[in-house]
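Order of writing sets the labels: A, B, C and D. Residues in every chain begin at 1.
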Amino acid sequence: MTRTRPLTDLEILARMWLIRAFEEKVSELYAAGKVAGLIHLGIGQEGSAVGTCAALGRSDYVFGTHRSHAHAIAKGADLRRLMAEIAGRSTGYCKGKGGSMHISAPEVGFVTATGVVAGNIPLALGAALTSVTRNEDRVSVAFFGDGAGQSGPFHESLNMAALWKLPVVLVCENNGYVEFSPLSAHTVVERLADYASVYSIPAVTVDGGDVLAVRDAVTEAVDRARGGGGPSFVEVLTHRLRGHYEGDPARYRTLSEREEWKRKDPVARFARHLAESGVPPESLDDVEAAARTRVAVAAEQALADPPADPAGVTGDVYV
Amino acid sequence: MAARIRYIEAVRQGLQSSMRSDPSVIVLGEDVRYGGPFGATKGLADEFGKGRILDTPISEATVMGMATGAAATGLRPIVEIMFVDFATLAMDQLVNHAAKLGFMTGGLLRVPLTVRVQGGVSGRFGAHHSQSLEAWFLHTPGLKVVAPAFPGDAARLLEVAIADDNPVVYMEHRGLYWTKGEVTGNEPASGSVVRRRGDHVTIVSYSRMVHHALAAADTLAADGIGCEVIDLRWLAPLDLEPAVASLRRTGRAVVAHEAVTTGGVGAEVVARLQAARGIRTRAPIARVGAPFAPVGAAPELEDAFVPGSGDIVGAVRGLLGEAPPRTDGQKGGRT
Amino acid sequence: MREMLYAEALVESLRHQMATDERVHLMGLYFLGLTKHRAIMARLHADYPGRVYHPPIAEVGYVGVAIGAALAGLRPIVDMATASFMFQAFPQIVNEAANIHYMSGGATKVPMVFHFNHGIRGGGAAQHSHSPQAMLWNTPGLEIMAPSTPRDVMGLVNTAAASDNPTAWVDHVRLFDTSGPVPDDKDFSIPFGVADVKRQGGDVTVFASSWMVVRALEAAETLSAEGIQAEVIDPRTLSPLDEETILESVAKTGRLVVVDECHRRCGVAAEITAVVTERAFGDLVAAPIRVTTADVPIPFSPPLEQHVEPTTDKIVAAVRAVTDSAAG
Amino acid sequence: MIPDLPADRLTDYLRRMLVIRRFEEGLIELAGEYAVGHFHVYIGQEATGVPALAQLEPGDVGFTTHRNHGHLLARGTDPAAMFAEILGKETGTNRGKGGTLHIASLENGFPTTSAATGGCTPLATGAAFAFSRLGRDRVSVCLFGDGALEEGTFHESINIAALESLPVIYLCENNSLEALGQKANEYPSSTMAAAPLTDLAAAFKVPTITVDGTDTGAVHDAMATAVGRARGGGGPTFIEALTVRWPGSRPIWPQLLTGPTDLSYAWDPSAIPADYAVWHAEQDGLLRYVRELLSAGVLTPDEALAMDEQVKDRIERGVRFALDSPYPPVASALESVYA
């Protein structure tokens, strides 16, 4: 595998801003009726996506969920092709066939995303099996939310990953809400990492508001996987600042809770951290401005692209 | 003279030759290291090692998903589902993931996956171990489906399925496992084949029902009725050209399968044949299939359930006006 | 008679069941999906907090729990939200619920309802646009209802709730906004296996269920202006199927267009075509035409989605084609 | 150890165990002569099933698996009707429609048997859900082998049971020791990374108990604790009963390798044959229970033999009844698809 140079702090901030700017743009376009479909945004969860992917090489595999714009961007996906896909354009990653929930950017190791909760975890195990079988040095990551913890394939996968010592890192983005209800309405278990210990899978719970803490935790897990130590479980405590999907008023959340999480906003927090460690405020502002410009350009180009071509609709069902 | 071997041995040989020629082929399934319940993987662990013959937990959903993920990233996995009935546990991964990944990604990913399933009525196994569920797989765009009836096809089409870059459901009939036949290696890779020539009625079938169709043709030949028997082999893609050509000559057709008639493959074949031929057949195309009921465990009930050569003979005679026409191809029950 | 939205009629029928039979419990909350009407459903939840269960994302688990509860005395109405998630619960629906009564030799009953929101709803892509009825129809033991009007959903829900069989109820999200008359009598029920002639016509029979009824009626209006009178038959339940009403219509028209939102291969339209060609062979003057969703996963992008789904225009074109073909 | 029960209950437990043992032995013999299809026997697990299930009350339900005969018999299902069902006869529990894999007996609290691994877990949980919602003081018992824990259905079900404090008892009969494909002499199986298996339930904060499945008293007590918790609104319990796979059920097709059980092995060690001596002397819970009853003075060898004769006679009559019974009318194959 191609070891990639570790991201600098400013590059990490830049990725987070790219995601934030991208997601806000999607929200804006959705509100304006320029993109359609079922859109799930991960604003507030950038620390998890960027922290995790900062620990990975380009050739490592990532499997996403219905809420995976952030994961794809963190892994290095092309913004214009991504936006084009979400907007149903022929130039999108999947030629408009996948949309927001089924992103794929294999050239940067973002294999696929699923609209079925926990549906991607077995897939990630399979990619890890490929690495083992071919004696490749790649690690697979499956992102999933806390809602996946109540589903059968999640538990089946923990067993099989442990049994076969697969090089897979299970990254649980525990944002405390399963669709529209608090996790406590779905299970008596508060920390999904507890399940991992049943199978002797090393597990750690980290603060998703701290991007470097996520990166360090995942780095340890990735090193373990590359070293033949099998799977790891990283539970990232995080929060989505938007509703379950665009259009969800999210009335199930209290105002104080929202305010608290806004204070913990991983992007602003990391920017503060960099400012405190001596990075000049203007260069931090430049990072945000550059991200917003890139996103604006990508969105403009994507929306100017032609819509998906009906003539191609029967293609790609079979090779 | 080619060797005559059992169907199950042909399956084993198909697996073996594919694994020999392509190191990316792996097998996942319950107890496969020990040969599986019917011996399809016997000896393969010795030859190819535990790294390529993987014994899985009883976790059909995750095993199917893992194989899909492995297929999308460069392996050519074969999943053994011990009974097709248990494919229900893996349906989400099969239908929502394996079948759709290639399309959803606009062709960025490919899923060269083979799913071996074993099913059909044989041995009084009851309602959870006797089903024929191919219509579900046909109804899932993105899946290919193959159902060989003879050892030669069993070996050859398994190799073809494994080499295919699409997910293929490879359907084995438990009741055929101990039947013998020639394996030449020259069996055609695609399409349906004419197993017997005849001028009066076309019988379209697949899997074990082909044997019943041939037996029915023998019976009817004694009365001077010539049946053309077509073995579809591949259900998806479905090659009806030989059937259409035959129907053009005979003007009459029976579609026979072991699965429940309602919503079955027969309906699709009838709809296509009617559309292809207009309605210029001499009689309606008859369906022979299982009645609208689960499989009863009792021998008498199982026998009453499973369609056989007698049902095909009856349907053919019905088309020829020698008996009251069977209007709905069913033995009763609600639809 | 009252005029009501489909969504309102749906919830009123559920409310009526909750009010009249305390064994009725709801499991799963997304009967109205994520549509704007879901607030009506929320009011029902608020009124019966102890009898509405919001399950974890554990489809095979909670659907199986509902089946087990039916075996032990409840009459659960379990909602799977998007029909595509049926596949996770498949072993419990098709191996357990559908078979238990038969396997027990008739002793054990499974009185329950599975609710699915099916079909293409705009941007759902491959995993949120499924129409499950064809696969379910291949499963003996399940009753299948697919209402198309406020009146029908109310009458069929009453029948399903009273049935001792497991019933699959497929609803189309696009129907929720439609409105129509419903009887004042809340006990009004529509027996299973009785088709409804939604429009009379003598030139061609158009079979359609669920949302496709709406499109078929639109198509019939267009065709009427051209002088083609289509008879639109809505089976209302697929299992049991009212074959006689379809056959009577075909006997009159000699021509059949089968409209259905399932994929074509082994779909509902294939079965209807086969039944009619088998049983009404002499009546048909042209081969039936199927108008279905193409055999591809549902694409996300709107123009692609419209290209694969059975639209009003495609129905119109199919009717023209079948009426243009000469008598055989 | 012996359960703390009156003598008549103790001997009743033994009678039920013998019914199971002789039933399964009879079935294996029958299978030699008649095509009964694939079946699974409960030999070696009687000391789990009987104390666990015979203490249930009418109205309590059980949901079991392919290895179900012992569970049904433990609750008093008629062996004759079960033989008839296994032979596919009209007089069978399910009128021939279920066969060995799907035996149902509503009056004995078994609405259905699912032969799909893990199929029973949500069903049992669901019955408990109904009891809880209907305010009925009933418990639901989920009976399964260790393999069912590999299926996602188990985890989805027990999560709901824990969340809702449902009156359900998950009784895992871990007979994986020496079963096909196992690591030699090791629990759990080679296809499960979790050890001990009780951790799987504990992860959902469900109380767990591990018992020796050949110890009638220990199983009885564990189950009594669990039933008490369930009836008291305390929610689910997970019990793992450890048994040894009977040599005759290895690898897949049952064979009477150990011969029909001779009760005298319990009081006359010299009678134990050299083959499978460890099985008879240490691993067979039924013989162990007989030994315990003898040493406690609850029963004499003669009384045990007399009881055994009665049971054998009942089983023989059951076999005859089943063989003499007619097959169901063919037309019934299409009936009862719908209620």
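We adopt the following convention: contacts are C-beta pairs under 8 Å (C-beta built on N, C-alpha and C of every residue); 3 or more make two chains touch, one makes a residue touch a chain.
Fair warning: this is a prediction, and the values are worked out from it, not measured in the lab.
S.K.: Which chains does subunit B share as contact partners with subunit D?
M.R.: Correct list: A, C.
S.K.: Looking only at C-beta pairs that count as contacts, which pair of chains has more of them, A-B or A-C?
M.R.: A-B
S.K.: Can you compute the centre-to-centre distance for subunit A and subunit B, using the mean CA position of each chain? Integer Å is fine.
M.R.: 41
S.K.: For subunit A versus subunit C, what separation do you get between their C-alpha means, in angstrom?
M.R.: For subunit A versus subunit C, the centre distance works out to 37 Å.
S.K.: Between subunit A and subunit D, what is the separation of their C-alpha centroids in Å?
M.R.: 47
S.K.: Could you state the distance in Å from the CA-based centre of subunit C to that of subunit D?
M.R.: Roughly 42 Å separates the two chain centres.
S.K.: For subunit B, write out the residues touching at least two other chains, lowest number first.
M.R.: 56-57, 59, 61-62, 85-86, 88-89, 92, 96, 103-104, 126-128, 141-142, 292-294, 296-297, 333-334
S.K.: At which residue positions does subunit C touch at least two other chains?
M.R.: Residues 55-56, 58-61, 84-85, 88, 91, 95, 99, 102-103, 125-127, 140-141, 294-297, 299.
S.K.: Quick check on subunit A: which residues sit in contact with 2+ other chains?
M.R.: 92, 94-98, 102, 114-116, 150-153, 156, 159-160, 163, 186-187, 317
S.K.: Quick one: do these chains touch in a line, a ring, a star, all-to-all (complete), or other?
M.R.: complete
S.K.: Once bound in the complex, which stretches of subunit C touch subunit B?
M.R.: 60, 84-85, 87-88, 90-91, 94-95, 98-99, 102-103, 125-127, 134-135, 137-138, 140-141, 193, 239-241, 243, 262-263, 265-271, 273-275, 277-279, 281, 284-290, 294-297, 299, 325, 328
S.K.: Within their complex, state which residues of subunit D touch subunit C.
M.R.: Per the stated touch rule, the residues are 61, 63, 92-98, 102, 104, 106, 111-112, 114, 116, 119, 121-131, 133-134, 136, 138, 140, 152-153, 155-157, 159-160, 163, 335-339.
S.K.: Sort out for me which residues of subunit D touch subunit B in the complex.
M.R.: 35-38, 85, 87-89, 92, 94, 96-102, 114-119, 147-148, 150-152, 180-181, 190-192, 251-252, 327-328, 330-334, 337-338
S.K.: Note which residues of subunit A are touching subunit D in the complex, please.
M.R.: 150-156, 158-160, 162-163, 186-189, 194-195, 198-200
S.K.: Taking the complex as given, what residues does subunit C use to touch subunit A?
M.R.: 34, 54-61, 84-85, 88, 122-128, 294-297, 299-304, 306-308
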